[in-house]
Structures are given as structure tokens and as C-alpha cells.
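Each in C-alpha cells, the structures are laid out below.
One chain, chain A, links the two complexes that follow: it is found with chain B in the first and with chain C in the second.
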Partner chain A sequence: MSENAMGSTMVEEQFSLGERALALARDFAAHKKKAGGMPTAWLEKTMWSLGLEVHQQQFSHTLPFPDESRERYLVRGTNVYGILRAPRAASTEALVLSTGCAPGPHNNQAVGLLLALASYFRGQIYWAKDIIFLVNEHDLLGMEAWLEAYHDVNITAVRSSGPLGRAGAIQAAISLELSSDVVTSFDVAVEGLNGQLPNLDLLNLFNAFCQKNGLLCTIQGKLQRSDWDSLPAYARSLQTLLLMVLAQASGRPRGEHGLFLRYRIEAVTLRGINSFRQYKYDMSTVGKTLEGMFRKLNNLLERLHQSYFFYLLPSLSRFVSIGVYMPAFGFLILVLILRALDLWMKLNKTDPGGSDQLSDSDHGPSTTEAPRLLALVPPVLVCHAAGLALYYLPVLGQSVATQHFPVSEAEAVVLTLIAIYVAGMALPHSTHRVLGGPGSVAAARGWMVLKLLALLYLAAQLTALALLNFSLGFLLAVTMVPAAAATAPTGPRVLLALVLVLATPAVTLLLGIFLERELVEAPAAPGEGWQRFLGALGQGLLLHHLHGAFLCPLLALGTYPCWLLLWNVLFWD
Partner chain B sequence: MAAAEPSTGWVRAAAALLLGCCGTALSSSVQDQAEQFFRSGHTNNWAVLVCTSRFWFNYRHVANTLSVYRSVKRLGIPDSHIVLMLADDMACNPRNPKPATVFSHKNMELNVYGDDVEVDYRSYEVTVENFLRVLTGRIPPSTPRSKRLLSDDRSNILIYMTGHGGNGFLKFQDSEEITNVELADAFEQMWQKRRYNELLFIIDTCQGASMYERFYSPNIMALASSQVGEDSLSHQPDLGIGVHLMDRYTFYVLEFLEEIHPASQTNMNDLFQVCPKSLCVSTPGHRTDLFRRDPQNVLITDFFGSVRKVEITRETISLDRNIAGYESKLPKDELAREPRKYAEQLPVARIIHQKPKQKDWHPPGGFILGLWALIIMVFFKTYGIKHMKHIF
Partner chain C sequence: MLALAVPLLLLAAAGRGRAAAAGPGRDALREELLLSPLPAGDVAATFQFRTRWDADLPRGAVSHYRLFPKALGRLVAALGVRELHLALTQGFWRTQAWGQPPLQAPAGAELWVWFQPSVTDVDKAWKELSNILSGIFCASLNFIDATNTVTPTASFKPLGLANGTDHHLLRYAVLPREVVCTENLTPWKKLLPCGSKAGLAVLLKAERLFHSSYHSQAVHIRPICRDASCLAVSWELRQTLTVVFDTFSSGQGKKDWSLFKMFSRTLTDACPLASQSKVYVDISPKNKEKELLEVTPLPTSVYEAIVQGDKRSYAVYDLLSPSLFNTSRSLNVQFKWKRPEDSSEMPIPVLHAQRYVSGYGLQTGEISTLIYNTHPYRAFPVILLETVPWYLRLYVHTLTIITKGKENKPSYIHYQPAQDRRQPHLLEMLIQLPANSVTKISIQFERALLKWTEYPPDPNHGFYVGSSVLSALVPSIIAMKDMDVEESPLFTSLFPSSDGSSYFVRLYTEPLLVNLPTPDFSMPYNVICLTCTVVAVCYGSFYNLLTRTFHVEEPSRGGLAKWLANIIRKFRGVPPL
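Coming up: the complex of A and B.
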């Protein structure tokens, strides 16, 4: 661990209220069933009796189109949270322990453990930061509403009730998901919204306490092999790494912690898993781990900043830092740059030949030289118009679509998206006729200029993207760079078209879904994969409109026009 | 009859002579005792105890300083003669599960904070400037008496410093440093202003021996917990509190000092042996070349305790001659030794008289090569490649 203030696992955990946690969980489940949603009154009363300062927050949000996977459209909910004030410190800093109130018999034990920890923490005097115990409704929506109200910002359009009781700047947050009385292993999720990651020190803290308490800890659901130097172990590490790359590239937070990262609050989600292993851990052990983590976070004097913010994890105790993986990406972009340089030199080499012909005819070269740059404008404009249509039309046109076709709104949006995407591929037959004179030197070489522009555009986009979300940038680079470099109107047209279609971001998403299913050892049939693909498209749009994820606008307004430009180059004549 | 009288007279004379001899012998032993009374040369003791690091994870430095404070108070130095500087408040830190205590042994055996601790410089007042002002006495007139080092030329001063240090410096408060040169100069100022009789300097930091390398004033003895290039290690963590409680060197010094009582005759050589490498992992060092007396003859209580000597005698002792002789002896002694010059302590003096060392030739680095390549490229681009044959 890089942070000196956190020290090692040098604490004595004394949490023993495991039974109390389970009793509270049963209480919570009963009241949840009776209330038909979140039992706010019971939660408030319980937290108040534990000695916390209780607040609640109402929020409401209207989705752009109904969410089929969670069956909600007009969302209205309440977050309940209690603040444990530090006995001898000014309330300048805070830590957060949060769980979500999920419908049905899920996550009850997490709430029970949260309340039991609250009652235990209340009896200790060594807290230097306030601790906020948060139970939020409607998972990501509730969390977003709480965070926005707490920090008094307005990023998304969620409406919430007035100012909240505050406890200072939040230093770290842990989100808990537990649905069983005993656990066999503990899974940690780090990927946040837009592929942001928490500081590696928080993960190291979790790993250290897992080892101290003898808990079995996994990442991406995969356990690290003990013989870490052998081939099967490398294969498993590779699988874990690929899963992390896919999860980070999707930009979807893998737990409720993902929304904290935007405010530079280090957060992770801990998931208790009950599988078919023989050795089970009880609530007290889980509680001890959390107690240890919170005591160490309590010792922090500054925000976590000593360790890495950009890393990839092949296993829980190993990481690949940015200094190691960035050069690989750099070489991929170098391919594009070299190809662009090659095109530039080819374009410049034919120039002296053109100037020699100047004496032959007066306006021959002038008509061939001038449209060279002007001829670029129509393809670029049309491709970006297609991108704009892809971004705006699906959500705007859903009412029109549902009127004329027997589909639901969510299906309408997704199908419109796919339709516009495929329709864009028909464009080359329309645009390049705007150019002057087929068969002229300019038209024959015009595709080089367009390809040069497209390659540089792609390189700039991918580089900027890799700095924000490396996995997404790398994934797009790996698929699109070979196809982009190889595209030319000359050569085997059908083969190149197939390669370019395989490189398109939509197909990358589809293949990514199949790969992910393969890696978690639950391979998907083609039909199921396609359903998941449609679901992912819908979720991506929702994530953008609800939480401000940038995957959807980036692909629609940036990568898709670039890919269309290459498609135009391929079908130049 | 006539034969007996002269014999008794002779015996009487012999007895009288013997008594006279005994009398003079007794009186001369009392003179010796009286002389010994003033042998050590100091009449009062002071202690300056400094902890320079803040933050909760530096708990052990505060515990170090407080253990020395506790020993020094127990052996007789009063609070009015101790300047205690603690850079952070561990006892009242919100992270302390046992408020108002600072423990030095795990399982909370020994609370060195006690209930009568008097901290003179606390928290942000512990700075390099304040420390040097305390030592040299250049203090604004508004400073309260408890914050001053009111020593004179008959004071033995104990200076204990702990914190994080490096080769030649000690870090204060995570924002500034004091260097060994500054410290040596401060001690020289103290010597020239006659602010100490003898000085014992103990430092417990990483690479502590570098701090006493530059001393050049007389009558200074120095001890450090580790040599240059070594780290001083911490001793034991306490799981209930969650931090390391003490540093190894001071822990064993504390154990050693717990054996000392105000009348003990233990000398400095025992203190030098306190923490061997097997216990301390680092190699403690000491420096006695500036000290006039033999460390064998220096008692621990000369620095750590404040011994108020009382000798009961029924004899009348004429002190005038002794005192006058002793006082006139001392200044001559001082003038007899040539004062060491500052310049002689620095290795610079050695370097100036040496020939410059032949440095190995290294091929020019990337930057130089790139710069020359750029210059040559620009030259040939401007003037054309055909000039090359004129150059080569």
C-alpha cells in the first residue's frame, strides 16, 4: 500500500454482531414486503434508535424511454441515510457505507449488516471522520440523486427535495451487496462510470484485509490461482484482464460505487457471493473486514492519491500500470500515422508530374487541383449528418415510431438506432457523384485525401479516448486500425468490405458481448446474444441520458462518422 | 623515676604528633571531598526535548520524546528547566482510542503522558526558527519564561531530538528542515555566549549520525540511533491503537534509564552500549572527541538528572583558597587550548588542498547529441549539402 497513513492491517477488529445483523435483515425484509417498496419509516426509526442523525431525500426522474430490463419509466423514490458524527472531531470529512434497497428478496442482509455496523461503530470513540450510512432506492438513479443533492450540483435532470444534512467532504465510499446469510467469497468491483477507476490503494486495502481475515476474495468473479507462474494461471489472469477491459470499455458502472468516482471519491463495491463451496463465512467475519477497512480509512489524513488511478487488473494482487500498457496503444496509433504519412507522400509525389502538365492545357490542372479539397466536404458533411441522425433521431422519433409500428418505445428506439446505422452504409452510392468528372486524375486520387483525413481523424479520436477510458480506446483501436489502414478502393472489394463491416463499433459490441459471456463461463447462444445486444444498446442510451455516460455520443458523433468516411473511401467509384 | 618521665613525655609527644597528623589527614580528606564537590563543573541541568513530526502515524515520535521527558523528570530536572516541544497532539487526537494517554509499551503498560506533563512548544509552534531561538536565546521579550532556555555557563544541557531525518537534515513538521550545519552553528553560538557547560545531544532518526558530524564546539557529546545510510526502525505496534508505539533505540534507552536512580554512578560508556545491532537492527553511534572529560568519568545523572548534592560535615573547611585556585585554573585551561576553527571541520579545507580528481570520460548524452544533430541539419539545409566537403 502506497499511502503511509493507512499503514498495514494493524488493527484489532472486535465486531461480533453478526447475529444482530441477520435479525435486522429479517426485520427489513418483512417491512419491505409490507410496504411494497422501501420501508422508509422503519429505516428512519431504526437508525434513530441506533443513535444516528437521520435524514431522507425524495427524488423523481422521468426516463427518456421506458427501461424494459427494470420495468420503470417514471421513477420516484426515497433515500434514507444516517450520519454518525465523530465524537471528537469537527465534521470536515466523511466516509460512506451504502447499500441499495432492491425489490424482492435481494440485498436484505446488506441492509442488516449496515445497521449492525452502525450500532457497533456508534460505540467507538476513535472516529475522526463522520460516517454516513446510506440506503438508496432504485440503485443508480437513487445514488445519482443523492450525490447530486449532497454536492449541490445539477449534472443530470433528476429532481430532488431540498438541501440535505451534510457531513463534510467524502473521502471514500464502500457499496455493499449481500443477499445471503452466509458467504463463500467476496467479489470486488472497481469499474465506474465511463471507465473511471478508484485509487489502487483502496483495492489493496480490501485485499489486505481479506487475507488477514482469511476471506476468499475474487475479482470479476474469478479466483486467483495459487500456482501463479504456470500456463493455466496465465490463462486465468488473461481472462480476468479481458473481463476488466470489456467492463471498463462499456462505460457502465459495475456497482453503485461507480457514480462516486466522478466526484473524485474513491469507492468500490463489495459483493458477497454464496456459491457451492463448502467453507462458508458468517456475517461477523464480513463485518470484521468492513470494520478493519473503515478503521484504516479513518486514519487517512488526505485523499487517497499515492497509488495509481489508471491500471488494469489481471488478478486481485497484480496490476498493470499505465506506463506499461500505453506504449502498446501508442504503437497501434503509429500504424495509422505511418499510413497517413504514406498517403501524404504519394499525394505529394504526383504533384511535380501535374505541374509539368501545366504547359499543356490552361485550365486542365486547375480544375483537377481545385476540387481536391472541396471534394472532401460532401462526404464529411454527410457522414457527420448521419452521425447526428444516429444520436438524435432514435429518442426523438420514438413516439412517431410507436404510432406507425406495433412496437414498444424501448424496442422502437433500439430498432431505429440499428436502422439508421445500417442506412448509413448505403450512403457512398449517393455522395461521391457530387465530385467533378469520373475518371479524372483528381477523382482517382481523391480517395487518398479522404482516407488521409479519415485516418488522422480516427487517430486523434482514439488517442483522446484512450486517455479518458483506455479500455474503450484500445478495443476500438484493435478492431478499427487494421481495417482503416487496409481500406482502399483498389484491391479485393468484397473482402475489404467484410473486414470493414467486422470492424464497425456495433459489431465490436456484439462480439464483445459474446466474448464476455464466454469468459464468465456461461456461453450465450446466438439468439440470446442478440437479445443481449439489443438490451445493451438500450442501456447505453439510458446511461447516457440518465447519468451522463459518454459512450453513446462518442460512438454516434465521433467513431461512426469516421467509420462511414472509411466506408466511403472503400466505395469510391 | 627519672627514666620514666622522659618516656611518657615522648609518648605524649608521639601521640600529639599522631593526632596532629590524623587531624591534618582528616582535614585534607575533607578538603579533597570539598574539591570533589565541585569536580563535575556544572551547577544546574536543563533539557530540551524535541519531537518534530506530526500526523497520527508518527505517534511513536511523540512517545519517544515523552519517555525521555518522563525519565528526566523522575531523575530530578523540574519542569521549569525542561523545554518540551511536541509537534502534534497524540493524546487528544480524535483517532486515539484511549484519549489523554500516550503509551510506550504495547498492551498499554506504560502511559508516558501522565497527568502532569507540561508542553512548552506545541503543534505548529515547533519550527526550526523557534528551536534555534530557544537554543541561542534570541527570543522576543514577550516570550514567557517557560519557553526560554535560561541556561548559563555552569549548565549541563541534554538535547533530545526525534522525527524523520536524512543524511544531514532533520525534517520539521513536514514542511521544513534543519541541517547539521545549522545545528553546529547554533551550538557554537551557545558556546560563545557561554550558554552551556557541557552538552549531550541524542538523536533518534534515520541516518542520525549525520546530524552530529559537523559539530565543532567544545564539550559536546553526541549519540545517534543509526549511521549514515541506515534507517532507524520502530519497535512494536499496538493492535488496539493501530500504530507503532516507540522507536527501537529510544525504547532500549528508556529501559536503561528506568534502572537509573538519582544516586547511581552509571557512566556514559554504559549508555553507549545500550542498543546493540542485534536489538536495534541499526548501528547506534556516538561522538566524544569534542568532550573534555573521559566518558568513563561522566555520570548519566550529570545530564539526565538534576543532582542537588548535599554533604554533611562537622569540620570547618576554608574554601577561599580552593575556589580562587579553581576559578583561576579554568580560564587558563580554556585559553591554553586553541579554539577549533569552523573551517577546519569542513571537508572543504581538505578538498582545496587536493588535486582535482580525474573524472572518467563519458560519451556525450542524448541531449547534447540531439542539439548538435539539429545544428548540423539546419546548417546543411540552409547552405546545401555540397558544403560538406569543405567541412570534412
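Coming up: the complex of A and C.
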């Protein structure tokens, strides 16, 4: 652990309200059933009687199209939260403990534990930061609404009511998911929206307390093997690492903590798992772990900043730092650059007169270069138009689609998406022949210029992406770079076309889904995989419209047109 | 000395029998303790020690000090201070839950001073004063400099006697980061005539005072009228201390309390030097229900007053009355709720405010202030004072004031822009608050990138922005009588109401913590800085050498001959050699 203020583990955790937590959870479940949703009044009353300052926030949000997996379209909900005011502190800093109120029996124990922790924390005198106990409705939507209202910004179209009670700058947040009275292990989710990661110290803190209290803790649902030096252990680490890369690349928050990261609040989700393992832990142990974490976070003098923000985790106690994985990515991009350089050299070599003229006089380029560059304009425009259509049409055209075809809105959106995607490949690719004249030297070499452009475009995109979301950049680079480097109108065209189709982002997504199912040891049949693929497309679009994830516009407006350019190169003649 | 004292004594005797209270000396001490249960269930204890001295301090004519602390007296005399208000606070008064405070102070240290018109260099006197106070109270007041000092034009008026209100004589500064602890309490206690040996001050045990939700200690010095005719000036020193005890966490959910429970001491006597020593307990009925609470032992009297637009009744224990200590040797005021409160509804104060930073990212942001007027039918104006450090660059054109969805134009704006590393932003506005409304004031800012030596050791903690100050004359719901200001307990005498229909309220909002973009102060960063410095030094000197033109200066020869020749040439009218 790099953070000095969280270094020692001198304190003894004294939380012993495990039974109280379960009683509160049962109460909560009963009231939830009675209210048929979030028991707002009961929560407010309970929090007030625990001595917290209670606030509630109502929000509503209309989705761009119905979410079929969660069955919601027009969402109304209420977030309830209590603030524990730290004595002798001026409410400048706060910590958040949050849990979602989900329909059904899910997550009741988390609310119970949250309330029990609040009751215990209220009696302690050592708090230096306010603690916010948040129970949010409608998982990510509620969290988004709360965070936006708390920071008084409006990024998405969520509407929320009323002014809120605030407690200053939030320093760290822990999101809790717990659905059983006892747990066998804890799974920690780190990946946030757009693949953002919390500071590694927060993860180390959790790991340290798990070890102190003897809790089993996993990441990506994988337990670290004790014999880490053996071959199966390496295989296990590789699996965990790959799962993390896939999860991060998807840009989907793996828990409710994921939305905090945008506001530079370090956050993780802790998920209690109750499996068939023999040894179980009760609520008191879980509570002690959380108490320890909060006391440590309470000691923080500065925001978590000491440790890494960019890392990959092959297991909970080991990490791959940015300094190690970035060179690998650099070499991948180098392929594109070298290939582009090669093309540049070739272009100059076959036309020495042209390049001389370029340097000698101003007349030269206008005669020889201009038609060549002009020939590039239509394919670039057409490809980007296809990208724009891919981005806008599915959501805009859903009503038209549902009128003319017997499909629901959500299906219409996804199917339109696929249709435009495929149609983009069949767009006119021979405009250069009309413009440049058949058989001219410029037209023959036009593909080289186009490929040069596409390669540089791809390299720039992937580099920028790797800095934002390494896993996504890496996955795209691994698939697209070989195909992009090999593409040429000469050579075995069918084979190249196959390679290029395999490298398209949509196919990467499909393959990624199959790989992910394989890694979690639940292999998917082709039919199931396809269903998951369709679901992922819909969820990806929703994630962009609801939370501002950049994966969807990036693929539609950047990577897909770039790939279409390469497709053009392939079918140049 | 004696010659001076005799006429003063005569003057004091002439004034409406105040001499009886003042005793044979020319100074008098009155100690008071107000215990008030707060709406949220906590208990606030406010001590006030008032030393009044019928002497003319600034003339420098006094050298003998009795009750008035010499350190402060000489300070006032030497630096030409007319009024001094210093508050050291740990915590934040939560107006929404605790109601209107008797006297609020912002988190951290606050100092505001009016100087005498005779002071020529106010800034120098201010600097000197803050440094001396820093030594007296063991606080980091020496960090007050031009970057956090402002001269408000409207928010702060002299509280004592004043001829003019030329605001150039006023200086105001807040240090929101100041941490207040026992080392500040001890010097404060030492200023009391009885120390903490006798009287109400025995309750001031640091261990208990800092085991509370809120701790605020203050010193106010001001000149006041010596008598009703106001022909001569007296000086008043008020030392106040407010603590809020959290009865919830200490009482396992029960909200009963007693002096012993709060301070782990009881009262045994009054300070022998005090001319008045009283304990007031606020027993005003809440929610129109009477008899909710019970106070033991029986108070010596019950005092009714209208404080801050609300009718209050106080149980009074006079420590100087001999009957109090007849039955038991010590006074332990106990307070019991007859039945537990079950409603979460609390009376909402007429004026309260909330401030926060909105937005995310490290480039821009927005400071928003919400001001609530919950008065059912009366609108009233409020003066808002914002002091923002220079490293938050305010965009004044983004200033928006919105009430009930409509723009609310302030009737007075005073804005003094910041100068980098020299002075902070000062924004003062007079805003009309309609009845039953929320007013949102927001202004955008850009976060400046500091020089690398300007960052504190903990740059990632964030930078504090001091509380903004709200001053308002809040219309009272109940008509107030014109009371005898001098006799009323505690703070009503500090902010007397101008007429019977409204009362003065000063509120402070939360301080803010803003993150600035910070460089990575780690090894690579240091390496870059070092390399850049080395390169700059090497390059600079080389460049200097390469571009400078050297020419040999001819040593002037034949000094004497030339001089003589020049004299001759001068006589001849020919230009010299």
C-alpha cells in the first residue's frame, strides 16, 4: 500500500451488530414487499432514529428505447440517504457507503448491514469526514441521478427534484451488494464506466482487511491460487487477466461504483458471494471489514493519489503496471507506422518527378497530386457518412421501423444497427474510377494513398484510445492491426476479405462474448452467444445514452469508418 | 492615577446606578452561561464573560489593569484598534438542524478589526496586529496576509460606538484551514479574571470541550457608551465560547443531560470578582406543547425574552444568590425530557444557506450558494459576502442569481477582482429574498495552475475557500419589545435590533474544498524539474557568453594632465577632450 495514512493496522474493529443487521434486513424486506418497491418512508424513519440527517431525492428518466433485459422504459425512483455529520468537522469531505434497492429479494442484507453500520458509526467519536449512507433505486440510473444532483451537473437527461443535503467533496465510495445472511467470499469489482479504474490503494486496502479478517476475496470471480509459481496458477492468472481486459474493454461499469469514477471519487463494489464452500462468514465479520476500511479512509489526509490508476490485475495481490504493458501496445502501433512509412516511401519512389515538383514549384502538385487527393475525398466522406448513419439512425428511426416491421422498439434498434453496419460494406467503392479516369497512374496508386491515410488514422485512434481505456485499445489493436497491415487490392482477395471481416469491431465483440463465457467456465452455444451479442449491442447503446459511455460513438464514428476505408482499399480495383 | 480615577468614579456614579453593579473599581465582570437544547436534540452551551472597563484605552492614559487583560488592552492602545473580533472555531454550526445560533462563526479562524481614524497605515497595523494576536492565542493568524484579507464595504458594521463607517479602516480575514484545539483554549482562559479556578470557568475543561460537535471561542473588544447620556466611552471585552454536545452518541439514544454529564464538573461558586454570575437554561416550549421537559433543581427565577423573533423563556440560576448553595454544595443543572420526541420534524430557521462546488474535472467548476427564506409572507434583503482566493479565477459574467425560476437582480454589487498572488476576489451583493423562496447564486471559475513551489505539502487534499457571510435583518414573526439592552442575557446586546420588527442575523456557509490541478510530485517530476533547472542554468550562461560583445575598456591615461587641459579648454569655450 502506497498511501501513508492508511499504512498501519493498529486499530481493532469492534463492530458487533451482525444480528441487528439481519433484523434490519428482514424489516426492510417486509416493508419493501408491502410498499411494492423502495420503502422510502420506513428508510427515512429508520435512518432518522439512528441519528442521521436524512434526505431523499426523486428522479425520473425516459430511456431512448425500452430496455428489454430489465424491462423498463419510463423510470421513476427515489434515492434515500442519511448523512452522518462528523463532529468538529466543517463538512468539507465525505465518504459514501451505498447499496442499491433492487426489486425482489436481492440486496436486502446489504441494506440491513448499511443501516447497522450507520448505527454503529453514529456512536463513534473519531470521524473526521462525513459519511453518507445511500440507498439508491434502479441501480445505475439512481446512482447517476444522485451523483449528478450532488455535483449539480446535468450530463444525461435525468430529471431530479429538489435541493439536496450535501457534505462536501466525496473522497471515496464503497458500494455494497449482499444477498445472503452469510457469505463464503467477497468479490471486488473495479472496472467503472469507460474502463476507468479506482486507485490501486483502495483495492489494496480491501485486500489487506480481507487478509486480516481471514475473509476469502476474489476478483473477476476467480480465487487466487496459493501455489502461484506453478503452471495452473499461471493459467488461472491469465484467465483473470483476460477477464479483466474484456470487462474493461466493454466500458460497462461492473457495479454501482463505476459512476463515481467520473467525478474523481475512488470507488469499488464489494459483492458478497454465498457458494457451496464449507466455511461461512457472518455479518459481524463483514461489518468489521467494512468498519476497518472506513476508519482507514477516514484517516486519509489527501485524496488517494499515491498508487497506480492504470493497472491490470492477474490476481488481487498482483498487478501489471502501465509501464509494463504500454511498450507491448507501442510495438503493435509501430507495425502500422512502419507500414505507413513503407507506403510513403513507395509513393515517392515510383514518382520521383512528382515529389521533385512538389518541392520545386507550386504548379506541380496541382497537376499530379490534386486528382489523386480528390479521388480520396469520396471514399472518406462515404465511410464517415456510414458511421454517422450507424450512430444516429437506429435510435431516431425506431418508430419508423416498428411501424413497418413486426418488431419491438428495442429489437428494431438493434436490427437497424446490424443492417446499417452490414450495408456500409456494400456502399459504392468505385467513385475514384469516375473521378480519376480509368487506368490512369494516379488511380492505380490511389489505394496506396488511401491505405496510408487509413493506417495513420487507425494508429492515431488506437493510441488515443489506449491512453483512455487500455484494454479496449489493446483488443482493437490486436485484431485490427494485422488485418490493416495486410490489406491490399493485390494478393489473395478472398482470404484478405475474410481476415478483414474477422477484424471488424462487431466480430471482435462477438468473439469477445464467446471468450468471456469460456473464461467464466460457462461456454455459450452459438445461439446463446448470438442472443448475448444482440443484448450487448442494445446495452451498449443504452449505456451511451444513459451514462455517456464513449464506446458506442467511438466505434460508430471512429473505428467503423476507418475499417470501411480499409475495406475500400481491398476492393479498389 | 488617583486624580484621574476620582472624576471617573463620579461619572460612573452619576450614570443611572450602574456604579452599584460596577463596584468600587472602574471595571466589572459579568459571567453568563446559556444552556439551550437544540431542535435536533443536541445541547449548546454558550459562555460569555463580559468585562467592562470605564477607561479611555487608546489615549494611553492607563497603566494599571485590574480585570481587563493587559495584553489585549495594550494592543488596543498601541495599534489604534477601535473594534476587534476574533473567533476560532472547530466545526460548523448546522443552522438547519440547530437553529439560529446566538453568535455564529465560520469554521477556522476569523478576524475582523476596525481601526481608529488616526491610524495612517492600516495595512501595517493590521499585519502587526495579526502577528501579535497569533502569539497571544497560539493560532496561525500570522498567515493572514494580503492574499486573504479583504475590505468589505457593506457586510460588517462597527458593533460599538462609532462616529463614521469609513470602510477603509476595516480589515477582514478568514483562515478556513485553522485547526482549533487546547493550545488555543488555554491562552483564552488565561484572559479571564478568575482563570479557570472559580466561577463558571471551572466547567471549561479542555478534555470535555473538545469532545463535542462544535467548538467556537471568540474575543470581542468594542467601545460602548458609559451611560445613557453617552458622554464618555467605556471598553467592553466579551469572551464567548460555544460548544455543542452530541447527546445522541453519548446518551445511547436518550437525550437527557446534566452539567456533570457534559463538562464532568459542577458549579460550586461564582467568580469572586464577578458582579453577576448566572446560568440560563432555555426552557421555551417547542411545537406549542408545554411541559415537555423538566429542569432540576428549581431555578431561582424564570426570565422571559424575545430572542431572534421567538419568544423564549429561561430558567435562571443566580450563583451570587446565597439561597442557591444552601441545600446542596454544588449546582448540577439537570435536564430531562418527559417523553421522547418522536417526530422528525424540526422548526426550520427563517434564513439558512448552503454552499457547494459543482461540476467535475480539474479545469472549471462552479460555486453555488442556495439561500432559503422560509418566512411565510415577508421578503427581506440579505448581504452576501464572498471571498474567493485568487487561484480560483472567477468568471463574473457567469454570475447568475435565480429565485423561483426568474432572474433576481441584486440592488448593490461590489466586486473587487483578484490579483494573482496579491489579493483575493471580493464579491458583495445585496439581494432581495422573496417570501418562502430559494435563491440560487452561482458563479463559474477556472482552476489556476500554481507555480510548483506554491503548492502546500499536501496538494492533493485540496484548497480551502472560506465561508461566505450572509448578513440580514430578518423580520420577526412576533413583535419585539424595546428591552433594556444592557440587562438582557448574552448576545442580544451585541446586535441590538434597530426597531421592534426585525432582528439581525449573520450566517456563515460551509467552507469549500476545491481540488486544483496538481503535478505529479514524484521522482520523475523532480527529475524533470532538476534537469530543466540544470539545463536552464547551463544554457543561460552559455548563451550569455556567446551573445555578449566584449570590448576592452581603455584605461584613462594622463589623469592630471587631461584634467588641467580640460579646465583650460573650458575657459576657452572649447569642448573638453
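The definition used in the following text is that the second predicted complex is superposed on the first by the 547 of 573 C-alpha atoms of A that agree within 3 Å, B and C clash if a C-alpha of one lies under 4 Å from a C-alpha of the other, contacts with A are read in each partner's own complex, and residues count from 1 in each chain.
By our rule, contacts are C-beta pairs under 8 Å (C-beta built on N, C-alpha and C of every residue); 3 or more make two chains touch, one makes a residue touch a chain.
All values derive from a computational prediction rather than experimental measurement.
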{"item": "Contacts of A:Gly221 with chain B and chain C, given as first, second, both or neither", "value": "neither"}
{"item": "Chain B versus chain C as contact partner of A:Arg88, first or second or both or neither", "value": "both"}
{"item": "Which of chain B and chain C A:Gln124 touches, first, second, both or neither", "value": "both"}
{"item": "Which of chain B and chain C A:Gly37 touches, first, second, both or neither", "value": "neither"}
{"item": "First, second, both or neither for A:Pro482, with chain B first and chain C second", "value": "neither"}
{"item": "Partner chain in contact with A:Gly548 - chain B first, chain C second, else both or neither", "value": "neither"}
{"item": "Which of chain B and chain C A:Leu301 touches, first, second, both or neither", "value": "both"}
{"item": "Broader residue contact with chain A after superposition on the shared chain, chain B or chain C", "value": "C"}
{"item": "On chain A, positions contacted by chain B and by chain C", "value": "87-89, 124-125, 301"}
{"item": "Complex contacts: residues of chain B adjacent to chain A", "value": "55-57, 92-97, 99, 237, 239-240, 242-243"}
{"item": "In the complex, chain A residues that touch chain B", "value": "4-5, 7, 10-12, 86-89, 124-128, 295, 298-299, 301"}
{"item": "Chain C residues touching chain A - in the complex, by the definition given at the top", "value": "90-92, 94, 97, 107-108, 176, 210-215, 246, 248-249, 252-253, 344, 354, 356-362, 366, 368, 370, 438, 458-462, 464, 510-515"}
{"item": "List of chain A residues in touch with chain C within their complex", "value": "44-45, 48, 51, 53-54, 85, 87-93, 122-125, 151-153, 163, 165-166, 168-169, 262-264, 301-303, 305"}
